[in-house]
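Following this line, the structures themselves.
Okay, so chain A shows up in both of these, paired with chain B first and chain C after.
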Partner chain A sequence: MTHHVMGVDGSYPLLLVLWLLPLAGAILAWAFGPQLKTAAGWICSALVGISFICAVAMWGPGTQSVSGALGAHQALFSWLPGFDFGLLMDPLSLLWTLIITGVGFLIHLYSIGYMDGDRAFARFFAYMNFFVFAMLTLVLSDNFVGLLVGWGLVGLASYFLIGFWFFKPSAVAAARKAFVINVAGDVGIMFAIFMIVASVHSTAFGDAFAFAGSYNSGWLLAICVCLFIGAAAKSAQIPLHTWLPDAMEGPTPVSALIHAATMVTAGVYLVARCAPLWSQNHDAQMLVGTIGALTAIAGAILGCAQWDIKRILAYSTMSQIGYMIMGVGVGAYEGGVAHFFTHAFFKAQLFLGSGLIIHALNNEQDVRRMGGLMKKMPFAFIAMLTGVIAISGIPFLGAGFFSKDLVIQGALEHGHPYLYAVGIITAGITAYYMCRLLFVTFFGSYRGDVDPSELGIRHPELAGTPAHGADQAEAEHEGSGHGQAHHAPAWIMNVPVAILIVPTVLIGWLMFGGDNSPWAHFFAQQFPHPQLSPAPIGEGVTGLITFGAVLVGIAVAWWRYATASAQSRAVERLRGESIRMPGILTHAYYFDLALDLLFVRTSQLFGTIFGRFFDPQIIDGAVRESAFSAQWLGTLVRSFQTGLLRAYALLLVVGVAAFMIYYAVIAGGVHP
Partner chain B sequence: MSQMMAVPVSYYVGLSAVIFFIGVAGVLVRRNPLIMLMSIELMFNAANLLFMAFARAWLHNAGHIFAFLVITVAAAEAAIGLAIVVTVFRSAKHVDVDDVALMKG
Partner chain C sequence: MTINVTNADWNAVAPIIIVAITGLLVLLLDLLSPKNISRYAAILLGAAGMIVAGVVASLAYWSPAYVAFGGAFIQSGFGIVFQLIILIAGIGSLILVRPPVQNERIAGATALMLWGTCGAMLMAGAGNLMVVFLGLELLSLALYCLCGLADRPSSRESALKYLILSSTASGFMLYGMALLFGASGSVAFADLANPALASSALLWVGGGLFLVGIAFKLSLVPFHAWSPDVYEGAPLPVTAFMSVATKAGTLAVFARFMYAALPAGTADRLLLPIWIVAAISMIAGNVGMLAQHDLKRLIAYSGIAQVGYILTALAGGTHLGLRYAIYYLAAYTFMNLGAFAIATTMSGDREEGSHLANYRGYGRRNPVGAALMTFFLLAMAGLPPTAGFLGKILILSSSVGAGYAWLGVVLIIGTAISLYAYAKVVRAMYQRDEHVHAFEGHAPAPLAWASAAICFVVIIVMTFYPYTPSNVLPIVK
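Let's turn to the complex of A and B:
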């Protein structure tokens, strides 16, 4: 059969370079970490930066379109006849590559400051570069197997980085949880690959999509569902989202890069990449859109109930990815991908901004113990303010407005009014909890010296994260005679945040202008564009309704946390809210408990049954019984071995006599 | 031919059986390995006698040839048997087969 290759086949050395440079950095930092010391951070950052430049240079080939083939395709090697590996860079993967390397470069720079003095500084950068390589493998692969390899490797990198401070048991548990849930998703994708191979005898995207119209619809739905299990696990969609808040145990730059900007959006990439499959099956679209919307609103509501600054951002990430999944799910691919694009900037911005606070406050993460930071940290305030404006979707002032509007309007255009409504409500809730975060952290007066119990913090020793490796590293520094622990200059953390402010505010204008926007032109040939009847509500009106919901959210947050009376009685108010917080929210709808009962306990029960009964009784029993019967048989046969030669002779004679009797009597005698 | 066949073949079979069972009995009841070897020779020769008798009766040479084979095997057997007897005697200073029970299970 002929193979359908996506992209213009050719030789693109830049593509190989940008793909392999981070791997080289990872190996370098891994192998020579102790020798490189702080240079490891600069080298790894520089390699990702060079990758970014290469990705920009690949813009031309990546967006080229020659007789129906879109983008650049570089063949690598053949696995089995008909199963080829290659790299594909079309507008979709180009966009992801730019974000991974571009935002990744800024976060690498920031990490040089944030991780300064950590005893495993080089190891951190080795993991980060390894992650960038894995993520590039995921988005650049031209077939499902390569995608799954990247998919597994980013999960591994995520595991390494969540558990980076492995002396914290909570970090180790979080890393394990994230890995296990992600592997469940990998298995889903694996089954999807089996089904695709069974249908088209190929794993290449081109083949799988070329025959998208010829699949049996039930079979196609099964493929889409299996793919989506993978996407849901990676992108923290309900009910596989529980690992994401726990993943905040990792260092803050990790949360920014992996658990906000790039890895968790891999599910969005997968659905967008498989747009030809999803477009053929309305049920799959409905399922994915609904799950996305559900995740968006559920995550947003949970964001209102958190006190840990990183967990608030984690739930907001979950909620925003819900938007993206809803967008790509209903068929508004440009919208979903646009929200990924803007979210990567403003969420990285928010995480890096919160990292500035956490770093300055000596690893305090509980917003109740912050407050009044506006005067102390004006730069962090501006950084967080731009991020909050962008994520809340305040019209024209932040990037999130444009992309969120595309998703919400897209849901209506593709005939999902309920999802449209959920999107608007979620926008209001998002504005509320993000402004709550901003007001509680920066307004009023500093509460770090207030007794934790007065703020309603029940377990002060559990509330904040214990001091991380920096302290230990400082102790080591002193011990080894380095004297004063050196600190990287503040600008190394501030510069990436300052750079990110620009796209956080402005990048959304790329999506302004409907079908004539640069965004629509960029993706003009990437996604299917079915003919849609015009939506009952225009884009401008949708923007207004959303803005109304956002204003309500901001107003409620202002009334609760930022008015003069609220600020003056902040301590009592926060304590009251902590105490009255419903258990269903503080326990995140008891999803952990449900998953625990459904999967963990049942598998433990299986383990117990098999361990206590099946294995000792059936398996060991069979082994034991065969040993016993062999022994019994041996005892029996041994009794013939008397050692008496004449007894053997007698047996021989008896045997011969028996034969003779048999032939003479029973067999009827010998007939010559 | 039949005139030359003065003695009926069944007589030979009978004699052969008697000799054979004398041999069997000798192997079973005697404890001296030399006597046992001689008894085995008796059994061989009972078989040989049958071969010869049937070869004459059916005028077929296969019986003669087999008799030679049996004589050869008997010679080999006697050689090996005597070697074993000598070896056992050297190590145990006696040749009572009932006492040679090293391989008893």
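Let's turn to the complex of A and C:
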């Protein structure tokens, strides 16, 4: 079998450097943390920054195209035939690398301020750098096994970082939940690898894709479904999404980097990377597109029912990734990937902006206890405002508009009018809950000094909001300063946010211009481009319809939270809304309960039943004793518990009889 | 018919003779020493004998195959690889011998284990049916005694059960051999591969009974019922030995029979029942694991399924499949020995390490031991980065290539089920459980720790440098 490699083979030292630098940082910060103290933060940030510069320098090789081979391929080492390892940088992985290192660098900088004074400051940066290394392994690997290794390692890094404040039981529980669900996803990918190897005797992307057309369609569907189980677990798609809101127990920079900008989009990367497989199987596309759309709208609806600022953002992340998955699922790869790209900026921006607020308010995360922060924190307001504009998709003013439009229009172009409609409705809901977040937090007057029960916060300790359980965390985390809105964030936290504002507002223009946009050129050779019949509704009209939905969302939010009368009665209103919130929303559709019943309980039952069926030993001892023992071999063995010896012998003889019937039949056939 | 026995013939069986004589030496020393021979002396002498035998055996690996004793024994790459695996199993289990095997029985235990190893090694090199039976019975007789070594009812029960059921199966096998002899007029494997025999009813019926014996020794469902009970009752090192050496020896016999001794055109139909029971075993073995509370029973069921995986590699009869089967068997050897070694470190007189309940909270009591145990269990489950994962990938690729994709599919399903069972143990180790009282401490087990460490390193090395021996096609003449 010929060996297919993607990318132009060669030696690319920069690629190795940008891949390994964060690993070096992780080892440094881990080994010499106590000596380095705050220097660890600077060193780790600098290494990620250098990685970013290397990634930019790899632009040329990464986008080169020589006789069908796209990008740069660096062989690392050979294993068995078909199991070679190497790094591949083509436009798709280049894009992810730029985001991981670029946005990663800014978030590292921000963390120097945010984690200042934490006892495990160096360890935090060791984990963060380790995460960057793992994520780069994931996106730069040229084969499925390397991808799976990176996939597992990012899960591990995420586990460490969610549970970073391990003295909070809720953080430990959240970390464990995230890990378990993600391991389930890893197993899905493992089975996909089994099946791919069984078909093409290789784990290299090139080989797997070169024969994409020759797979049996049921087999291919099974491969795609297994891959998607991994993607759904990592990218918080229904029904494997329940870990993401809990993951907000981690420090806010972690939420920004791992649970918004990069790791959770690994599923989008996987589907986009395996575009040649998905493009061959319409059922797989349908499945992924539908799950994506469902997640988008379900996440958006849940976003309307949350009070914890980070949980609102978590559900919005889930919803936005739903868009991306829908995009890459239906075959609109450029659109799905574009939404990843813009989302990385504006969601990092929103998280870092909310981090400014949380940090200033001493770890308060409940928006009901905020309010009126516009004057006190104008910079945070601008940061959040630009983020909200971008995520809501207000035309031309934010990056999200352009990419979301590509996804929604893509769904229609690829023949999925229902998903198209869901996309538009979700856009309206998104605008509503994001404006709700903005208005409740920044408009009106400050409510931090109002008694929580008056705001409808019934069981602060049971509400699941880390803010109220975080006293201990705060004591560990911050050594100095108390009181409301007191310590202005250090410049080190503001600078990354200020830098992020630029792409949040502007980067979407890259996608403007249809087939002639820089975006379309960048990916011209990356993805399959089937011939499509023109969509019944043009792109401009779609933009207008979406904008209409967005306007409705904003108007409702304005009417409920921002009008003069709403603001004057804010406390009663929030209380009323908290009390009347339907249980199905506050419990997130009871998914956790359902998963518990479905998997934990039934698997216990299953184990018991089948165990008894296959293993007679487990049957109650009394039955066994009375039925079988003592008669066998008389007094010699009376003291022994001979158990089911007769039953075993019987089974043996039945087996022999079955064998013999078969051979007797054959022997009868062959006899001359 | 006369057989000229030359020096070369004796050289071919030299490794086996070395192991057998070591067993005698241990008994002799025990007799001569004023008290009993000390545990370390017996174990180290036995292990040294097996290491020497391994070195002697591997010296001949690259030399051309040699048919000794007129075809009764064959010295070739194939047999030597299996003999090495069996020797590793012997060494790895022998060094785990501790209480509850009392000191006055240590010499006997060591000698029996060495002679059991001899039996399995004979099976690996057997060139005719008589030697197969000789090796099998030598191994089994040693095991009957070894199973009853511990002074407790369950151990005696284990020995008795094994004796009765195994003798029954041996009876079937012997009857099959007799019929095969009737078909070919010879006990040699070489004479079975005669195309004229394909139309002989005796070959089919005899072959079928022979395969029943094989299936019993491999504990394939429905011939598996003995293994959980016998494993559970036997002392830990004996279970470790049984779980590897018996299977390795029997697989060698089966592979030789299947690759070299079948008349052309009969393999597909003759072996079909084996593939079917292998498929059933992959499912039933893994399902059976779900409800276990005892490590040895768990490993018994796991072994039922693992043999199914190895047979999946053999199905189709390709050279590559055989190499992958040997690779997986080697990986299986090390993960089993490693798991048993960790269990031994936890065990005192009452073999606490074999009760899964005692693993609750082990992760906090002994992080290194728990990490190693996790690693071995994940290797059995076939998760990356372990040799178990690679082995399964290799098996899948060869089974599909050989036209047995359906076995590959069953393997994937079986693996999916098994993940849950292994994960249950791992989860228990890392569970926070305040109610578990750590059981009493016991004597340190440096040899078991060393064994676990070596198994870990070997599995890692096997993962990244997967050497699959190429010089292994079995021959019969």
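One rule holds for everything that comes next: the second predicted complex is superposed on the first by the 573 of 672 C-alpha atoms of A that agree within 3 Å, B and C clash if a C-alpha of one lies under 4 Å from a C-alpha of the other, contacts with A are read in each partner's own complex, and residues count from 1 in each chain.
Note that in this section a residue touches a chain if its C-beta (ideal position, glycine included) is under 8 Å from a C-beta of that chain, and two chains touch if they have at least 3 such contacts.
These numbers were taken from a predicted model, which means no experiment stands behind them.
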Checklist entry - Of the two partner chains, chain B (first) and chain C (second), which one does A:149 touch, if any: first, second, both, or neither? => result second
Next on the checklist: Which partner chains sit in contact with A:536 here, chain B, chain C, both or neither? Use first/second/both/neither.
Outcome noted: neither
Next on the checklist: Quick check for you: in the superposed arrangement, does A:663 touch first (chain B), second (chain C), both or neither?
Outcome noted: second
Checklist entry - Which partner does A:213 contact after superposing on A: first (chain B), second (chain C), both, neither? => result neither
Next on the checklist: Quick check on the superposed pair: does A:514 touch chain B, chain C, both, or neither? Answer first, second, both or neither.
Outcome noted: neither
Item to check | chain A residues touched by each partner, larger count belonging to chain B or chain C | outcome: C
Next on the checklist: Output check: A:649 vs chain B and chain C. Expected answer is one of first, second, both, neither. What do you get?
Outcome noted: both
Item to check | Residues of chain A contacting chain B in one complex and chain C in the other | outcome: 637, 639-645, 649
Item to check | Residue ranges of chain A in contact with chain B within the complex | outcome: 637-646, 649-650, 653
Checklist entry - Can you list the residues on chain B that touch chain A in the complex? => result 24, 27-29, 31, 97-98, 100-105
Checklist entry - In the complex of these two chains, what residues of chain C are touching chain A? => result 153-154, 156-157, 160-161, 164-165, 168-169, 172, 198-205, 207-209, 211-212, 215-216, 222-223, 225-226, 228-229, 269-270, 272-273, 277, 284, 287-288, 290-292, 297, 301, 383-385, 389, 392-394, 396-397, 399-401, 405, 408, 412, 415-416, 419-420, 464, 466
Checklist outcome for this item: Seen from chain A, its contact residues with chain C in the complex are 79-80, 82, 145, 148-149, 152, 187, 190-191, 193-195, 197-199, 201, 203, 603, 606-608, 610-612, 614-618, 637, 639-645, 647-649, 651-652, 654-656, 658-660, 662-664, 666-668, 670-672
